[in-house]
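Below is a structure I'd like to ask you about.
Letters A, B, C and D name the chains as they come in the text, with residue numbers starting at 1 for each one.
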């Protein structure tokens, strides 16, 4: 067995716990530090998966038994923690978004670009086996030139009002994943068109946010990409993708825990239910994201998506919000 | 428009009505005679679709405006009517079975073989667009050499006890269709193995018949064929086929009136319900069967399946019944 | 048999031929007149399906053996022919669009509104058994309140340049069908957003038209509707629909001539190919559209979609074209 | 973290390696001993997954750091190793079959029945998430009373002739899994009917074995069960199941590494390929089987399937072979 990579985990909320389970499932990685200001959470997680406990992230960066960190703490802490990782020269895998404020993101941009230490941004859906397989086939030319992309993404139920108050709204907390998925296929997005609606969620209306949005993105090669979002879905977590090219179409539908189909008086060929939310749906994606990150830590590959991808998704989310408010398409230049 | 073929229909029960509707839907065919001893039935059908009415089939064979007959009367009348058609030199499409008694069938065998007038036996499933497309691909070599065939056939609900009393039992009234389907792919069946069960239908038990049977047929090329039957099916009419060869598998599943799929809290990708029974499921098959028969009447093709196919299916049904009763496989020689 | 409705067919091109075959397949309708200035086309069609031949539509409206007309002639002739039908008090089923020029359409608007004679506009997709079944379930409340609708529509291959030169472009010759489909579910559309692209078709580029478009429509109830169009599709005619509501999702996928699925070394569960184009895909829709029209002619129902639906689709197509050119959403008021 | 269960692995061939990977993926289990007379194999596996190495299984049973053993050595060693485990009072998970000779199996029968130490027989398919989910729904009554079961199982390619020479033939090395699957649903099988064929594999023919078999089993409640086997499959590993009851049907189809579907000119909705063989298809089943076994080792549950299930499958395989040779159904009494 090769020497395990020693990991410090910062943040022990829902996503931090997912990462901890991924570390446990990977042979050549081990948890050595668990950090959370809510120290009880850190203790509970360490009791299950190992590691020393601290409330202070500084301890993690100072430790001599940490080869890499996973940043899964609340968004407002990300910029400072990324800065600390860059300062300490510690490889980091950071949950999205970098920040909700593009100006704050840009304070790190030059340093991140100059750094040679692996930095990965947690757009885990790129590592989902299904989306990754579809992407691979597109890259290999199965459908010829990519012309249209359709991304459908619906959460099972609206987030709590408190969450949305601090999340930056649907474009920045939800659509942002789909914007990165769009860029997985068409990195250079040049135009964003968007419409939003208030269909069912009183809290969203109060916050002047939307509960459903539709976007049209244009790529530099005149590709057209649609994103369909809703804050609710009666049939579980809806995560689908269609890539259309001049030689064919590839499609990823939804996934559930088993492939049993039922045939009854009123309905036939019925599957499901699907996975209920991202923790179940993307368990493999989180694990494979970490596997790829560990390869980069070992120097075998470079990380992707990285800092610029995190920034680009935020720029597009901001453009989406503006387009939805004004009704006019917004031009963007991601390289500026 | 070419001159329509003038058709005399004998028998106006459920299947006779299906044939009458097929004639109406075909441009170059018209109903000129409708015959049923229950003359009210004949009148009602003629009022909808045209034709002169009689209670006596002799009138139909004697008429000078009949180019072909469809025999859809009760089974016990088939042998005499086929004989009449052979005598009169009138092309005939006759519903299966020829008779329940192989000895009676054999009284016609030599004459049928000697006749050059088109005679078609109504195993309409061979003309179903889905089964026919699968068959065509097998013939074209898509799956290489055919090795295994699986036929699943379940009726929505048991027949009335009175029906089974005169139908000859499940092997002769139901399995016989699947036996012909087997022979569509593997004409030369050499061995029949069968097991029957009494699972739910008290009437079948009383009649010493089965409500569910499973057969294994062996073809002359060592092909293995299974037939799965049940007298009931909660999810509608179950009519499926799988052909397995050394290069692949082809499959026909069930069919319904539309392709809508529903996604709900407890089930997703749900279709259905399927067509409820043969009148709906095989409406195209009945029509295309008739189209092919009319081509033969015009001398453009020869008919298939014909008399020998009707006889072979009965021989196999009898063998199935014997095998189910004794537990021993039965050798058959269809050419004898 | 009830007295057949006597039909005069004006126009014997591809769609005129489809209608003639529908008439032949319907028991209680017959073709009595066939009209085309290209009189050879009319003669050929009449030889197959019956009817007297003329080059002058005036003969059809003047005939005493015409109960209804089908207008399937080129678009520029529609307004005059509709006017003639209104004048003569003859029920008419007219192919879309009424005209490419909204001003010309509006010259008929008041007369059409005042008329009590059945007038049907040929948006046949509303009568497709699959879309109609989905629509029925939405109306019955299966998915609760309709919130999002996704319409995907791709033609197999670009139209000839000559066609597009006179068709009014992709929004008016292709998207218009999808706009009517949107209105089938959400009649009151209040806003149109659209983007177009030039991805592959040099002719479209020359004509300053698009070969791919994406639209977002907003309904009066804040519903969001997407339309995805492309002028080509490697996998055949792509005609799909998804309706999303607060209680579930309903979906219609593509349809082919049979349900055979193949399992081979490199791919499994493979169906297809799909129907190649609208003549195959919508054969049932054309027939059922005619059946409904004939009911209206008999006074049993009223027709739908009608004149106002034809006008609304054109208004939305024009709005789509404007939105695609300017990048700004366009407000519409279909009742104005 | 709870104290890991310390496992001794006996046998480091293909299946032994699968078990070693399962141990590595389970948090609370660790490999402490690896045993194989081919000591290089043991060393290679221990280098990857840990554990001390020995060529002598006696060392494993004598060790004080072994809580349980996994027996994955060749079949002829199973009886002695099971005896050793029973003697030592060490919980054991043993690969199927117990032995090819029912008399040898029966030498252990009384001791196994008397033992209170956990013993699990490696019919891992019962733990496959898909088959297990279907089974759970049958037990919960989803389809009412189970009446028919259809098990389809085809290997991707024939085994080497050397393998079949010592495997006991298709009934004992391949069908035996399906016989256990049948008993998962209908434990009390009372009758076996079988036919075999020689369709493509010269080696099978030479060994007087079959390359394709079909079985019909009857349960004590008059259930009918079919098993369809072939030694090859062009489209990958074919592992399917259908359970039919008076209220519906449940089905598990094949599974592949991703759910991508492709739409191209000649085929649409194409998935695949499927998993190529059991190592990929049943990776979860092997892991979950081990998880259940470890629960039994901890005293939380009892193991299933166990010794009697291993014996029953062999009795049925022997009956199948006899039935295939004689053409007569064979009665069995599994409790005798």
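Basically, a contact is a pair of C-beta atoms (placed from the backbone, for glycine too) under 8 Å apart; a residue touches a chain by one contact, two chains touch by 3 or more.
Every value quoted in this text rests on a predicted model; they were computed, and no experiment measured them.
**Q** Looking only at C-beta pairs that count as contacts, which pair of chains has more of them, B-D or A-B?
**A** Counting C-beta pairs in contact, B-D comes out ahead.
**Q** What chain lies farthest away from chain C once each centre is taken as the mean of the Cα atoms?
**A** The chain lying farthest from chain C is D.
**Q** Please work out the Cα centroid separation of chain A and chain B, and write it as a whole number of Å.
**A** Result: the chain centres lie 57 Å from each other.
**Q** Determine the centre-to-centre distance between chain B and chain D, using the mean Cα coordinates as centres, and give it in whole Å.
**A** Here chain B and chain D have centroids separated by 42 Å.
**Q** Which positions in chain B touch two or more other chains at once?
**A** 234-235, 247-249, 262-265
**Q** Quick check of your reading of the touch definition: is the inter-chain graph here a line, ring, star, complete or other?
**A** Chain contacts: complete, every pair touches.
**Q** Which residues of chain B touch chain A in their complex?
**A** Where chain B meets chain A, its residues are 234-236, 254, 256, 262-274.
**Q** Any idea which chain B residues touch chain C in the complex?
**A** 1, 24-25, 27, 47-50, 129-130, 133-134, 137, 142, 247-253, 255, 257-265
**Q** Where on chain C does chain A make contact in their complex?
**A** 143-145, 147-148, 150, 152, 154, 191, 193, 195, 197-200, 212-214, 216, 218, 222-224, 226, 228, 230, 232-235, 238, 244-249, 327-329
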